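Consider the two complexes below, in which subunit A is the common component and subunit B and subunit C are the respective partners.
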Partner chain A sequence: MAGLSISSVTKRFGDTEVLKGVTLDVADAEFVSLVGPSGCGKSTLLRIIAGLEDPTSGEIAIDGKGVTGMRAAARNLSMVFQSYALYPHLTVAENIAVPLRMRSLTAAQRLPLIGPFLPGAKEQRAEIASAVQDAADMLEISALLDRKPGQLSGGQRQRVALGRALVREPAAFLLDEPLSNLDAKLRVQTRAEIAQLHRRLNATFIYVTHDQVEAMTMSDRIAVMMGGEILQCDAPSVIYEDPSDIRVAEFIGSPKINILPVELANAEMTLFGRVLGHAAEVAQAGIYQLGLRPEALKLMQAEPVMTGTVAHMENLGSEVYAQVALADQTARVTLRAAPTERHKLHLGAEVGLGFDLNDGLIFDADGKRRRRLEVAVMREREVA
Partner chain B sequence: MTRDVWKHLILVIGAIIVLAPFYMMLSYSFKSPGEIDRGVGGFFGAQEMMVDPRCVKLRDPNRDEIAAVAPQYPGKTDSEIRAAIMAQAEIDCSMRPVVFNYSKAFIEAPLLRYLLNGVIVTASIFIVQVLVALPAAYALAKLKFWGREAVFGLVLFCLLIPVHAIALPLYIMLAKVGLTNTYAALVVPWTISVFGIFLMRQFFMTVPDDLIDAARMDGMTEFAIVWRVMLPTAIPALLAFAIFSIVAHWNDYFWPRIVVTGSRDLFTPPLGLREFKGDADGSFFGPMMATATIIVTPLIVAFLVAQRRFIEGITLSGMK
Partner chain C sequence: MAAIDAPAAARAPREVNRQARTAWGLTAPALALMFLILLVPVVVAGILSFTNYSLGNTGFDWVGFKNYDRLFSRSTYEKMFIATFTYVAVVVPVSVALGLGAALLVNSLGRIGDIYKTIFFLPVMATLLAMAIVWEFMLHPTIGVINQTLELSCGTFLEVVPFLANGCADGFPLWLGDRDYAIWVLCFIGIWQGFGFNMVLYLAGLTAVHRELYHAAEMDGAKSAWERFRLVTWPALGPTTVFVVTISCIRAFQVFDTVEAFWPQGGGPNKSTYVMMFAIFEKGVQQNLIGIGSAITMLFLVFVMFLTLIQRWLVERKVHY
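Moving on to the complex of A and B:
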């Protein structure tokens, strides 16, 4: 088990720059997710870590030793692929045994027919068989060991792929969207199992996904990638509650965060002409963006900050999401309400909305978080 | 309903056209020369006893032989003795036409030797073709290197070259290095099959990249990937290629005819047919067709055995 460090890695394919200088340090036994929309370079980054792709520039180090330019096999990493990539002609047991056979048996010992009779081969083969059995027991696939991948369901194949990855003790596990071919129910179950596996093996995991829920639920840290860069790498709660970039705020969280334009002029912050607070001399006057999570918005009868009509509703049982078209504005905001408030919401209902500015996130026009401005607005408001 | 009838009618006509030569071949291999000449006897012929004129002729005794056996025929003239011997010969040389045809095929021509040659040549060609085509196809399908498209273009270009156009230069080259009348002359020119490279490349394109990456992560070298991952997954395509290659070289008459000029020991089965080609005394169609039947039988049996997988390979169904 080992830590991993990636320093200013870039990758170009012809004229397109897929990675624009990515730096990331992963501690030993840490579970880091790379999350981002498709085409953001997360899979390319994983393949560069694995050694399946060479970086255009930059360094990769595993456990402090530089491995840039080293063959994939020599890096001692395990990878689980989206399509599982099981060998279709081998049984489950043989599939799981492949990484061990390629490493612990000599070329002669691997030969069919004569290989098993060479000196030392018998002990090695017995060791491999017991390692395969252990891995199969851990993943509860012992009953499937004699089947071919073609006879397995998607979930079972996924376990076999995991088994093949963990049968030898690699420096780190790389997982490339391993759950995206499973149905929704199985995905939730396997998600928990992978997280448990991580705790049990106490190994370094790098997990690529486009699904923010997977990233949020499993990771120690999430690296949000977009356009070939890591925008922010932090614990899931920090990524959700304290994003440093508006793109991170928009990508993480479902339904999406509401972004409303606010104006700062004469030390007054206004939303649709209504004064929210005061900020003295910490920021330039101009247009800023206020981010409000759906749960930050509250239904308010008296003195609402905004009013609008309910344009669409989604009732999930435990919570209700309502899209409210704001009066006199083109924008729509999404509101999360408790089921007890459901009676106030129906299509076309006039509602008033309010929020606590403490729950708001302020970004500048370029999408950068303005924490000092937030603090100033809060403080001024308290004084007022 | 009527459309189905038409469909089947057309298919039946097509089947008859395709099968007719085989029907003739099989039928002739059963019949006596007389039945073949007169076109009678149906499919099997009457299978009446017939006399092999050549066999009888060989037993025709000369003056010394008659003198040697004279004591066994006391009080007979030489011509009477000769007549008696010939009568015995006719009895010994008479047989059913089917026995005549097939025994001729094996005795007159050393057909077993030819069949063995055919096996040696086609198997060597196929094995070397696979050894060359699989790594080449893998490189063309899955590795990125400078000039890959150009190389593949050359492969396609080579597909367009007719064999007969380069036969003469090839023959001259082999003759210069003194390889004519050897197995090498029969095998070497066919060892690089561009068709094989093309077919396997197209199949390898359908193999997911992840599978190859997984093999790399598991510690396989590129050659190990070719033999341990690509070869087993490509069995259906390989079988299709095997049939194309084996049929082409087993049945090839042209090339062995050119490079095997002396020793009959190197004859391949199709050259065996020449043994019965008409000389002054007319062609032996019965034994010739028997030989032809023996030559095509292994291929037909092999096809029937591998039929299901062969068709799988032709359709190039990738794996899911």
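Moving on to the complex of A and C:
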């Protein structure tokens, strides 16, 4: 097992710049997710780490040793593909054995018919068989070892692909959206299993996904990628609670964070004309953006900051999401309410909304987080 | 419940009958055609192979297995089998291997591959009869380009090659007129003409190979092109290979037009290229010996049927994942 380091990697396909200088260090035994919308370059980055693509510039190092330009087969990494990429003509056992056969048997020993009778082949084959059995036991697919991939369900294929990856001890595991072909229920189950597997193997995992829930639930750290760069790489809780960029705040969190325009003028911060707080001399006057998670909004009868009508409701049982069309505004905000408050919410109901500014995130017009401004506004409020 | 079920149950068989009638009605034209243009001629040929019928005769005599007996006892037919099986045994493996090789090479090229694809496929599209005439000119013992090119080597260091030395001393082969060379020339032209078709079939097969499997093979440690070929390409081409081999076999059994163009008088020097299709034509059409012609035809059908059965078995058992 080993750590990984990626420094200023760029990748161009013709005129398109897919990666614009990505730097990321992954510690030994860490689980890092690369998450981002389609086309953000996350799969390309993973393939560059794997060695299946060459970077236009930049360096990749595994365990401190530079591997840029080294071919994928020599990098000792395992990869699970989105399509699983199982060899259709081989049984499950043979599929799992391929990485071991390719590495521990010589070309002659792999030959059909005469291969098994060459010196040393028998012991090697026995070792491979026991390693395959161990991997199959770990993934609970021992009963399927004689089947062909065509006879397996999506979830079983996914396990076989995992088995093929973990049968040898690679420097790191690379997983390219391995759950995206599974149905929702199986995805939740496999998610937990992969996280458990990571703890059990204590190995380095790099996991590519477009699903923020997978990234949030499994990772030690999440690298949010957009437009070919890593916007932020932090622990899931930090990514959610303390995003540095408005795009990170908008991408992580479901339903999406509410973004409202606030104005700073004469050291006063106002939202739709209501004064929220004061901020003296820490920021330029102008328009800022206030991010509020759905759970930060509260239903309020007295002195609401905003009022509006319920335009859409989603009842998930344990919680209720309501979209509120703000009065006199084109914007809609999403609010999370407890089931006990459901009686107050029905389509067309007039509601008042309030929030604690401590729960708000302030971004400037370019989308950068303004932490000093937040601190100033809050301190001023406390003083007031 | 019973009161409702009874009429429903009574109606069901009638419904099934009606559907069955419609199904038969819709299948009838195809069935009729299959009987008329496939099965009836085969049965007729089968019957005729036990007679001494000639076209124009009012009647015929049953001769039992005499026609078949002749096929397996006369030296002409022994030569026929030797020529046919030599041709099949050479042309099928070589044209399949060349087709696969060409397909892999063309597939690995970008846009230039299309040019090669066209070049290799040209002989398939060309009329073999016309091409045979061109080959005949080229292979002419004295004025053909091939022997003239070979003669250029006379007096040079190339004479160390025994074939060239002998040619310079005693004259180069007659090719089409030489009983030792005729069948090999025929094989060569068969390969030249046929491998482009196999290449196109393999190219189609290659498009179905999942790209990601090559990446998986690379990650699994398959370093050489040969290992990737063994692990991914060759198994994925299994169904294509079965089809290509079967088609090549049947086409090789059917070789006729080159033989007819080169040796219209009958089967080449010393009957060394007297292939089955030509024998059928010569006996059944030229000499109007319908009985013996039919017997060769039946034998031909047995071979082709046998090949098709092997193909079906392989496709269902071995290469269907």
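Going forward, the second predicted complex is superposed on the first by the 384 of 384 C-alpha atoms of A that agree within 3 Å, B and C clash if a C-alpha of one lies under 4 Å from a C-alpha of the other, contacts with A are read in each partner's own complex, and residues count from 1 in each chain.
Simple rule for what comes next: a residue touches a chain if its C-beta (ideal position, glycine included) is under 8 Å from a C-beta of that chain, and two chains touch if they have at least 3 such contacts.
Treat the numbers as computed from the prediction; the structure is a model and nothing was measured.
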(request) Would you mind checking whether subunit B and subunit C clash or fit side by side on subunit A after the superposition? (result) clash
(message) Which partner chains sit in contact with A:Arg157 here, subunit B, subunit C, both or neither? Use first/second/both/neither.
(response) neither
(message) In the overlaid three-chain picture, which partner chain does A:Arg187 touch, first (subunit B) or second (subunit C), both, or neither?
(response) neither
(message) A:Lys148 in the overlay: touching subunit B, subunit C, both, or neither? Say first, second, both or neither.
(response) second
(message) Between subunit B and subunit C, whom does A:Arg247 touch in the aligned arrangement: first, second, both, or neither?
(response) neither
(message) Per the contact definition in the header, classify A:Arg336: touching subunit B only (first), subunit C only (second), both, or neither.
(response) neither
(request) Name the residues of subunit A shared by its contacts with subunit B and its contacts with subunit C. (result) 47, 50-52, 71-73, 77-79, 81-83, 85-90, 98-99, 102-103, 164
(message) Show me the residue ranges of subunit A that touch subunit B in the complex, using the header's touch definition.
(response) 47, 50-52, 71-73, 77-79, 81-90, 98-99, 102-103, 164
(message) So in the complex, the part of subunit C that touches subunit A is made up of which residues?
(response) 210, 212-213, 215-223, 227, 231-232, 235-236, 238, 319, 321
(request) Report the residues of subunit A in contact with subunit C in the complex, numbered from low to high. (result) 47, 50-52, 71-74, 77-79, 81-83, 85-90, 98-99, 102-103, 107, 148-150, 164
(message) Could you list, by residue number, the parts of subunit B that touch subunit A in their complex?
(response) 208, 210-211, 213-220, 224, 229, 232-233, 235, 319
